[in-house]
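Please find the structures below.
In the two complexes below, chain A is the common chain; its partner is chain B in one and chain C in the other.
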Partner chain A sequence: MNTHLFHVTRSGAAGLLFAAFACLIVPLVVGSFWLSVFTSTACFALAAAGTAFMYARLGMVSLTQVGLMGVGGWVMLRLNYAYGLPFEVNLILASLITMIFGMILALPALRLRGLYLALVTLMAAGGLEIIFATFQFPNGGGGFWGVETGRTPFMARPIVAVSDAAYLRYTVCVTTFGFLLIEMARRLNPGRAWAMIRRSEAAAMAAGINVTLYKTIAFALAGLIGGLAGGLLAGSLGLLDGGTFRASESIMVFALTVVGGARYWLGVVIAAALFRIVPALLNNWGVDADLSFVIFGAGLLHAVITAPNGIAGQVLDVVTKKAAKPTPSIDPSQISAPTVQTAKTSDSTIEIDGIKVQFGGVLALNNVSACMAEPISGIIGPNGAGKTTLMNVFSGFVASKSGSISVDGFDLGSLSPHQRSEWGLRRSFQKEEISEDLTVAENVRVQIDTTRQSAADKKAEVARALAYVGMTTKARTSGADLNTFERRLTDIAKCIVGAPKLIMLDEPAGGLSIQETNALGDLILGIHAQTGAHVLLIDHDVDLIARVCSQTLVIDFGVPIAFGPTHAVLSDPKVKAAYLGTEEFAS
Partner chain B sequence: MARNTLINVALYVCAMTLIILLLGWGKPSKVLGLFFVSGLAVGSLYALGGIGLVVLYRATGVLNLANGAAGAAGAMTAWQLAQWQIWPPIAWLSSILVALLISLFYGRLIAPLLAWREPVVKAVATLGFALIILGLVSFIWVDDPRSLTLPTDKIGVRLLGLRVTVTRLIVFGTSIALVIGIWAYLKYTAIGLQMRSLANDRDLSALIGIPILRVETIAWTLSGVIAGFTGLMFGDLIRLEPTVITFMVIPSIAAAICGRLEHLSLVLIGGLSMGVIESLLTLSPLLKGVRPVAPFAIAALVLLWYQRGNRLTFGGGD
Partner chain C sequence: MSFKVIGLNVQSGGKNILTNISFTLGAGEVITILGSNGAGKSELVLGIAGVLKIGAGQVVVDGTDITAKSPDIVRAAGVAVVPEGHKVLTQLTVDENLRAAGSLRWHDIEANLHKTYERFPELADRKTQLAGTLSGGQQQMVALGHALMSAPKYLVIDEMSLGLAPLIVKRLFGVVHELQSQGVGIVIIEQFTDLALGVADHAVVLRGGRDKYNGPADILLANPEQLDEAYFGTGHKRTIT
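== the complex of A and B ==
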């Protein structure tokens, strides 16, 4: 939420204090060797921050970060020697060019995830490593393409930071700026979108998030940050060497970020310190710096196996003694849905016409047609009947081989999943898809992030939806701390914001007690009066269906076997047979 | 499905022919043959590394980034024993043995702790192990130019007018034999059947009583042996340096990607093609410098080609 944009958390305050300490005190007390080590540590902290947010916020493993840093450094040096522009101009150009590189890298990433994404970024890092070896770093020499070795070249530094001590201050300031940039993105639309993408791409699309766009933004940001870091490193050393930007270093930085704790600024700083300071210390003590690999490796194994939040997570657990004062859980009997109204408030209809879906040799849906005009319709059928597949066709996740779905004569087929959400399609999933990184209010807010409304209107709308489902007291609670019922309620709230036209609920009562199911039923009954939207409900709880839905479609093995008023459908012998197995039980 | 395979094969043949024609145009056939053969040898190494990775990944779900490091430890041990004038066959075998022990150590003691985590996490953990081995190996054998020679380097065979060393023949032959051998093993033995079942669905296999621990141990053993052999051959044919051999795992991954981390024959074809293209690129004055990019570029393209038309919607599997 916008009001929280400038809110300083305690951890954030500690981070700023640390930056101030590194900026003001450290340059006064250390010698020139350590000045250079700390400057490079700050540069790598900045680069690692890019890897860290990708991993912690989007769940994407990017192994190209140090390669991107190299791109930034390369451009920086070339510009420096070729044109003699001021340092800042070069730095900005270098970061922008690296950002474009990052976006190119995003192209394959849009179709890949998990291990394959990590591997393709590793391939990119391997490629960059060799390209650096071919188109060498300049280190002096004339013109843009000049290369010269064996002399210490002149590297322009910012006017305000010519000495080594001043340059360390400068680097710390820029690094802090980079951290704040990432934090800002996290608190705005991109952050909410990333959290949903991390949870599930399907849920993100259903919430109206343009997954392609926000993934590209993430890669662009990581590229920008990497380029900035590379440019700063170039300014510190004046010359760079391809060996600094090997693919193995990219892997190492990622690994150390995991060790440090990718979710926290402290974790990123620890990662950079391990990467740059530990080898320097070992060198100082006359120990073979190769041993630092052993420390890194052991740290990585330790972190992966026992400490999912890294060293920083463990430190924070000790420092902040869980001030646990959880708000009481939502009591279903306290939820008072407004007077139940099922009267139709509009004449709109949903037309499902000849939908056919095939997965390999399985005909998941065969010629499903129905015309639903009632405010709340149900879809029932045994497990594997194709109910959820039908919803996925509605959402645009699964393509139908023939047929169409239209609402009020508007054919949904031409829209991508997130466009359908903008049009007014809402859905919940069997497994409730609530992002654990966001608060309840933010989880609901994601759904209307793309609509053209003022921030205040959006806020009011979220508050209204939460009030409707009785979750007002939980608005600030993190998604991770909700119980199943509260997650289901949040799902409902998410479905009713932003002028929905069709709301699909996939087994919303799954895992709920009888009282909870009743409260949920009340809420569902009130949705049409509240929003004017159609509701499509899949559930195995026949009592709930009978109570809530005016008409019901029954699917068995992908074929519609009955459709009509709910009570008539439920007493149909064919339906009973489909549910109970054989005719004998169907009396 | 069949049509897809046909398209892939046609595309591959066209691309390979085109590349070879483009790069080899106007060069004497002898030169071309020379680069082709040396490319096949390098490609076999990529393929061998890739096969080791895929065999293990299929059976255990672990993409073992420490394979290269295990190979490096093996190759360095072999070199050390050779320095101590130990009977050569023992030195060579020690390479395989050391890699095998390292692989088994991880497979039996560390991997089970991560059995239920996602593939990326498992891969990242093996990276930690790789770093430990690399650190220790580089600590024991400080940077020095070393070389490892096998007696087969000196024996040459004339093939179509070209002299080919027996070492290269061994590497090439082993990679093909391994693919056929493992294919037969998976197809005709009980353990092979169980491995395929594990690769298909771990949870279900556990439920129907597949002895997971035993099958996995065999997979770790197999991949350890392959890693040791590959490390030894790499040390002989290319360079004996721990860091280089350790990160040879990156082009091996490229080869493994060509087989979608699944099909050994495709890994072999992919690895060999990468080696050949990389080697032939030497003929082009323009692309000579970026020659080692070839495996990465090829793998990235192949991955994109495989993923075309795929849409990412649902969570879970990669």
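== the complex of A and C ==
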């Protein structure tokens, strides 16, 4: 994982070496049959890279990829016979048209997730299969479809790559370019946004990510890559057959990507090799090529049972041997929050006015109103009382039937969730939402990816936030290697970047020891002085609430039962009966 | 009759996460495992439950060695584990949840079900409600109910009060006390140190995978500075506000 755009990782260097080998050596040593097999393997590796990044980076299963390849191939052939344009121009046009096609296909899919998304994309692939079977691919005939039986097609190749050997080199170069394009997107804003979307769409929206936009970008990129692959395949074969682009082939490519390891370039290459080279080998040996399905099935079982990261993941584990030494865990006693605390710096207020939320027949929130003027306010109440629902109304995830929420007279109601983040709303979730695909610094950076600051300013701001929570030493640690406390600290860092106006923390002390909770309390107390933002805090640790919140709202069964200075609220008999229990509470 | 952990090393990814942990839990005793995040508390639970690899040492229950045995053998030996985060089968009703958990001991399922409902009258009122629609506290009761359906002799509870309101936490600690007085040996992992030390006979404080304190709980309760030292080591001085 690396934030530098041009940094070459060891795995990346190995990939480039492999590409150079495939480009320079392979064409010299193999015959014409294998040249054609390897060219087709490279094309499918390119297409599979599109499926692989959608799956590994966004967690979306798209089963249209081979169908999109067919679209690219169709456009390529059509252009080839219609106008005498150079091969490259045709290839670029074919990719762009396929990209648009992919985006249109994505429209209904944007609201769907998981199995439903897979089904919709599979149906799209099925539709394409029928179209290809009915109208076939152009072979130089007349009319729009350009099909004429018995005609010998002529496919122009690039001037620099007329021979089969040169065309293999050409294909490997374009495929490498496609891999680098995906890797580039992954290292920039889209990659960070995708990682958050994969973690949780709600958390992504709360981090200011326009989920629809970045999903569309992903579909567009997969379409572009698929079109490129289809165009190249058309150039290799000169004629295409509908049987190559069946919906079942899309499923096969997806399954093999999982077998190979969707996170790695090597995994995608292994997938393409299994898909194209294994059947060719079997044919060569005089064995029925359908035997390859048995091999694929065994590979899939292997992946499901022993290799969650695919064959490539296993290879990498052996090669790298986890040499990295872990940095020591963050010690709560080493965190020193600034001494200036809770001095009120502005007169701004949060006004919650008559919020009402209904789920089915249940009133989750009934007429909740409060005017919060203090820098840090608490919200407490029994489990299921509606505290998180209230935060979800703030975030814009849940609509209130009536009433409004405004900060300094500005009504949040008109903004979408990611616009609220741009406005200055921050929140953490009950279950921390740290992306395990990103480093700590990248997790924080996501929050300010959409702001109009220079890259250097953003970097400095992330560093400041990490220094505030004492996580500087962990900046380059992967989210996957953090313990609960470090995840909570990263959440706080994420909340204080980019001029926040209102920060909502949902049970930030959950799962923390007393010492860690104390350190967290110090940090929360310092937030207002640091950023000028209001803080709303939900927690069940009443000591924490009593220590940091000047005023507290108590909700029970969706109804506010008390609101006022925290010490007064905590000694209110109604609150004791509903929430604290009968014992006295020292505040 | 005892639950013994003897010189246990728990490994993950080929490395020792916990080194040389020992304690003995008798019937009707409570041991609390404390420590900051990353100290190895959950790994200890997973090691006992046979999920993580054991490098050295033994877990012995009433003379039966259950070291690194599969979960069904651990449970058959009389040990039930309540995992962190009130895990219930959300799409099943309360009754179905408890019956599913009791299916390993099907011959006395009705008796155990009756006892569990007696212990949690809140659940008896909601037998047909989907577990996913319960409040967090009620879900934790179902999670505890899962464990109680096997009538365990020893109970290991991970982060019992996580995300629960004080009223519910008190209610659940009351249940722990009840079980203890009925002779169940209990290991609890808890973020609210004072509550845990209040019910426990014995405490183990973990730091960096080793036990920095292993002794009577009331000593720690009476001497917060000793608890602090076990958490952080001697290098730090920190006052708890």
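Everything below uses one rule, namely that the second predicted complex is superposed on the first by the 567 of 587 C-alpha atoms of A that agree within 3 Å, B and C clash if a C-alpha of one lies under 4 Å from a C-alpha of the other, contacts with A are read in each partner's own complex, and residues count from 1 in each chain.
Note that in this section a contact is a pair of C-beta atoms (placed from the backbone, for glycine too) under 8 Å apart; a residue touches a chain by one contact, two chains touch by 3 or more.
If you're wondering where the values come from, they're calculated on a predicted model, not measured in any experiment.
Enquirer: So if we stack both complexes on chain A, do chain B and chain C clash, or do they fit?
Expert: clash
Enquirer: Using the touch criterion from the header, give the chain among chain B and chain C with more contacted residues in chain A.
Expert: With both complexes superposed on chain A, more residues of chain A are touched by B.
Enquirer: With both complexes superposed on chain A, which partner does A:G299 reach: first (chain B), second (chain C), both or neither?
Expert: Only chain B; A:G299 stays clear of chain C.
Enquirer: Identify the partner contact of A:D457: answer first if only chain B is touched, second if only chain C is, both if each is, neither if none is.
Expert: Touch status of A:D457: no partner.
Enquirer: Which holds for A:E436: it touches chain B only (first), chain C only (second), both, or neither?
Expert: neither
Enquirer: Mind working out whether A:D317 is in touch with chain B, chain C, both or neither, as first, second, both or neither?
Expert: neither
Enquirer: Which partner does A:E88 contact after superposing on A: first (chain B), second (chain C), both, neither?
Expert: In the superposition, A:E88 contacts neither chain B nor chain C.
Enquirer: Between chain B (first) and chain C (second), which does A:D408 come into contact with in this model arrangement: first, second, both, or neither?
Expert: It touches nothing on chain B or chain C.
Enquirer: Between the stretches 76-84, 202-210 or 310-318, which region of chain B is in steric conflict with chain C after the superposition?
Expert: 202-210
Enquirer: Just to be sure I follow: which residues of chain A are touched by chain B in one complex and then by chain C in the other one?
Expert: Touching chain B and chain C on chain A: no residues.
Enquirer: In their complex, what parts of chain A are in touch with chain B?
Expert: The contact residues of chain A facing chain B are 61, 108, 110-116, 118-120, 122-124, 126-127, 130-131, 133-134, 199-202, 205, 211, 246-248, 251-252, 254-255, 258, 288, 290-301, 304-305, 397, 417.
Enquirer: Can you list the residues on chain C that touch chain A in the complex?
Expert: On the chain C side, the touching residues are 13, 34-38, 84, 134-138, 159, 161-170, 191-194, 228, 231-232, 236, 238, 240-241.
Enquirer: What does chain B use to touch chain A in their complex?
Expert: These residues of chain B touch chain A: 63, 65, 110, 113-114, 117-121, 123-125, 127-136, 138-139, 142, 243, 247, 250-251, 253-254, 257, 261, 289-293, 295-297, 299-300, 303-304, 307-308, 310-315, 317-318.
Enquirer: Which residues of chain A touch chain C in their complex?
Expert: 322, 329, 331-333, 380-384, 430, 483-486, 507, 509-518, 540-542, 547, 578-581, 583
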